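Some structures are shown below for you to check.
Two complexes come next, and they have one chain in common, chain A, joined by chain B in the first and chain C in the second.
And then the complex of A and B:
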């Protein structure tokens, strides 16, 4: 079939870019669909064309991938479809069919392919806390996106709270941008690293990077407070102050550390991978060490569904470098599985466990993936979401912002109406039923639902959250016009 | 879980909850057993219809009218808990032949006591300002209503517990306690429960639960999809559907049928149905079905074209080949009762079904005849 791509790649972040570029260089005809207007994903989010040295490490990798993307596009072997959101995926006899919505500048349409690489990335994992719905409270990733995206300051006096190493670059970026950062509050204790020193040591560059952030924080005189959490946010029209609390290892409040006046609160509780497309193609999923649902992949990035590969955060949150390595491996595996159209000239072909492309390159990649995965696991184990965070809530605390559902309503559905799991809580109290379809409140709701029986959310609970019959909003007119014989997208973007 | 009860109800969906509630209200000791979690099946995958408009004259219309009263009278005090909304239905016809069929249907319903008001062509817009131009006829059914089926089911189970009943989830029925032909209780992995009566309210799985007692009750799944839009300011005021919908519900075709059904909800979303197809318990999201639903909804309400669909869900209507529910004792297995097979009307008919069944369980005369719904009709077919 002439209108069928060899490979469709969803997502043009670190993993997707690497997968698409690699596979196209191996001779596959590749279609790359992405929701954003420019390549780079959440991680490499840059204003227009300017990429300065200040954007941190990995920029060289990004520039290289972007250059190769342009070259492949110019050669006509890679079709890049930005500004398109995939809302439906299904199998057909020859592979997969992706349907995507358009925007004002791009038409919606269909992309058929023999195989599929899913690199959907992730988004901030959010936990409700009293006052978190006030203007001026943002997810840490959102703050960084604002800074990277258009350099606007989200506030003048900020507190950064949550857990994990990601708090550091956000604090540094805010301080560099001239925001007074009154504190970085880390809910855990960094001696947590000692629990798994091998994992942490596996990626020495990460240690260097952390030192760099620590130095920057020192320079800006930003206090770094461990076992400290923002347990309430105050304000009427917008954020005015936060309550800081000293917490124990489980997150239970030990002492009140008082109110601090701020106009910006950045909360970072890690990331949640986007699993809509992974579950839609019927691929197996599992619960990762950080409590997120992730795709099961083999050591070649193959998912359990035939012809599907997954790379990046969707296989387990681990950062951009891991994502790039996984994306590259997925691209190589797909090329090998599909039997690239022409022999790859750039790499020696070696039969490595059935993989016929670039044995050395593959070996290096897989070693890098193992190392970075070990590091990510150590990071997750050292920075768990504190189990007792629901104690910080009051019955009036909003859990679902779209549908304005409070913690009290969630608990009533659970305790009075017998909703013991997140699905039933959603049906009865409507959290997660609005615009974001639970992307913001899903994790918190699942935890609150499971807490009724003293449990943590099960993998099945997380699956029911991730599953969406329609993967992204689509207008009725577009849905009505989604004919099976829709033409393929233009090959020249 | 109880070891003994007067009544074991199998299934914690809307019909099971209504049977349990009315049985408890009649003073019976009730144990509900549910293999999954509450709201695991069809009751959480429907629109919450309480309709008289879509029933042709006959026993099902009688049950619908009766149930409509039960919702407003016996259960009226709880209506707010489950967002009972007496918003009325508007059935429209786009063609002259459709208009004739609708007039005939409404005439018969009126004679049977249904309030069915003809709406002049020029007045249709005053009922639904956003509806398309060029419709030939419409009938307004003020008795039609809608409720939130998940809240209704959960609250009826809560009220059952309040009256001393018990609800056990994660408890599948694996067999029956028998005394000769007689069913004297249920077996579950969590232990046996002996009871004078066992009510099979397993929805589209009613056949499976009946088969465990060696009796055949032909209830089959008939799949339907619903689209849910983003929340909107009030756009659709009634339950609005095309006259062809009634023909669709009464057909026995196995192939795909769709007819537009559009309505708003108190949360602002718009629900769009309806489709029916006999594909077993296939949970694959079928894009061609969603496409037809979207196209027909936009045809009826052009203003919806740019409205975003946030999700779609599917459910399985419990369908009987003769389009009548199965309500009453099964003579082939004394002690076993069935309450199900309401197809797409189970939410609306659940209250009436529960009340009638409770009357029969208590040995009282039922408010309306259960004979047309007698499970024995299948016994005579097979012998």
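And then the complex of A and C:
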């Protein structure tokens, strides 16, 4: 039981793939655990048979990482464990112990490592709206996942709504696939991502990308409506129509723009990272510019907890290119900190593929990270969640989809039962206590709870929501098996 | 093209493309909900599509509470909807506090 990996990497999206491959190439024995059946994460999602024929954005980077992953597996220096979700992480005297469960059919087990890179990624941030629990209403990322991963159209006539640049690729992908997209509703007024010129100019490819989406929307005659929100969704057994409203800068409804018949509503309010593993290892967190809780890391991707590195969306939502750069840097840093197989002293002196280019490589990564972080900040500032969204709710609107807690029940806990913080609201009204453990309604619940005192949720509010003592649902049998007297199968390097 | 995958939902024969998730296969077959909620008996299908929300739970080959958006559909797979009166699951250790 003493044998352990040098490095465990959790997540095989852009950040995790880059971290695992880089660290293994530096001589570390790496275990890569991922919840999905195939590498690539949410961003590089692809059907089982192959990556889509049309070269998508960054596909070359993905192919390169996947080729290196296979080569490292063949050499036996990297163990790839797909279809597995980490549900518990703890420290022991030599590093970390990860307990995982099968996402679908894989068996559970244990992975021990000297150090840990967390690349948990993120998911669409959601706001409740009347009727959002009807079948046919989906997260924008889920609509994209069905299309990119399965070539499945989630509907025939769609409206895409929320805020942020991600609405554009979802709309164009649906339109390209033959779905009638009646509108893209952007709650903010966006004068291009160049509102903060410093940020937008730092990543010129992003401006080109935006022009490409704009052209595609024009070609398909899809209207892009700014300062417009879906404020109600109608239907009995599934979605039948939506109410579109013109909103002001705060999201307050100015005029009703009427009812539009659709069978698919794709909603997204930016992304929010999965932070449960970061909080589980006791690493420091902070509230980012977009209101999401994120991990604090130093300029080498080190978290505050010893032997823990974080890369990708969990350090602040910023997209795949930023995630790859952070993952690569985390892999280099971990290799340097652990000494690798070689007597490496610092990253700058690490031989990379036989060449002493470590310093250059780190400099290039740092510059890329700085540029893309500036862009992400500009993007977040241009696409805030409109503050007045709770006005769209009725007392009957479901907030917590799992436990079916309504907005009225959340507000009663706050106003009548005197819950002063989100934790107490949770205990009294039970939002966020179901299957998803508040991943979907957590942000909304925090905002509703804080609204009692006229505030936005604090970093502490977000922390109390992000903490999950068990990080993924696990069967009672597995819980029993994790007792020290009955150890589950070990995965050894 | 690969051979279609044959499966059933509540005894009804359906077919899918190999490699699809159960959720995708059901949506392609025109099925948008396969579960009802415990409290209000409301219909639910796929929402987040990436394994986060647990709205799309289904019973697959006798295993309850499986996320349809993550599970690949397989030849001969037997799917059963999870309605409020049939819902039984041993996977209840996810709740916090």
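FYI, the second predicted complex is superposed on the first by the 456 of 493 C-alpha atoms of A that agree within 3 Å, B and C clash if a C-alpha of one lies under 4 Å from a C-alpha of the other, contacts with A are read in each partner's own complex, and residues count from 1 in each chain.
Here is the rule we use: contacts are C-beta pairs under 8 Å (C-beta built on N, C-alpha and C of every residue); 3 or more make two chains touch, one makes a residue touch a chain.
None of these values were measured; they are calculated from a predicted model.
Of the two partner chains, both chain B and chain C are touched by A:475.
When the two complexes are overlaid on their common chain A, residue A:135 makes contact with chain C while staying clear of chain B. With both complexes superposed, C is the one of chain B and chain C in contact with more chain A residues. In the superposition on chain A, A:427 makes contact with both chain B and chain C. In the superposition on chain A, A:104 makes contact with chain C only, while chain B stays out of contact range.
Touch criterion met: A:88 reaches chain B, while chain C stays clear of it.
Common to the chain B and chain C contact sets on chain A are residues 403, 427, 433-435, 437, 468-470, 473-477, 479. Of all the residues in chain B, the ones that touch chain A in their complex are 37-39, 44, 150-151, 154-155, 157-158, 167, 169, 227, 229-231, 267, 269, 272, 285, 287-288, 290-291, 294-295, 297-298, 304-314. Taken in their complex, chain A has these residues touching chain C: 35-37, 42, 47-49, 103-105, 123-124, 133-139, 141-146, 149-154, 237-238, 274, 401-404, 426-427, 433-440, 467-470, 472-477, 479. Residue ranges on chain C touching chain A, taken from their complex, read 2, 17-21, 23-25, 27-28, 32-33, 37-40, 42-55, 57, 65-67, 69-72, 90-97. Of all the residues in chain A, the ones that touch chain B in their complex are 88, 90, 99, 403, 413, 416-421, 423-424, 427-428, 430, 433-435, 437, 468-470, 473-477, 479-480, 482-484.
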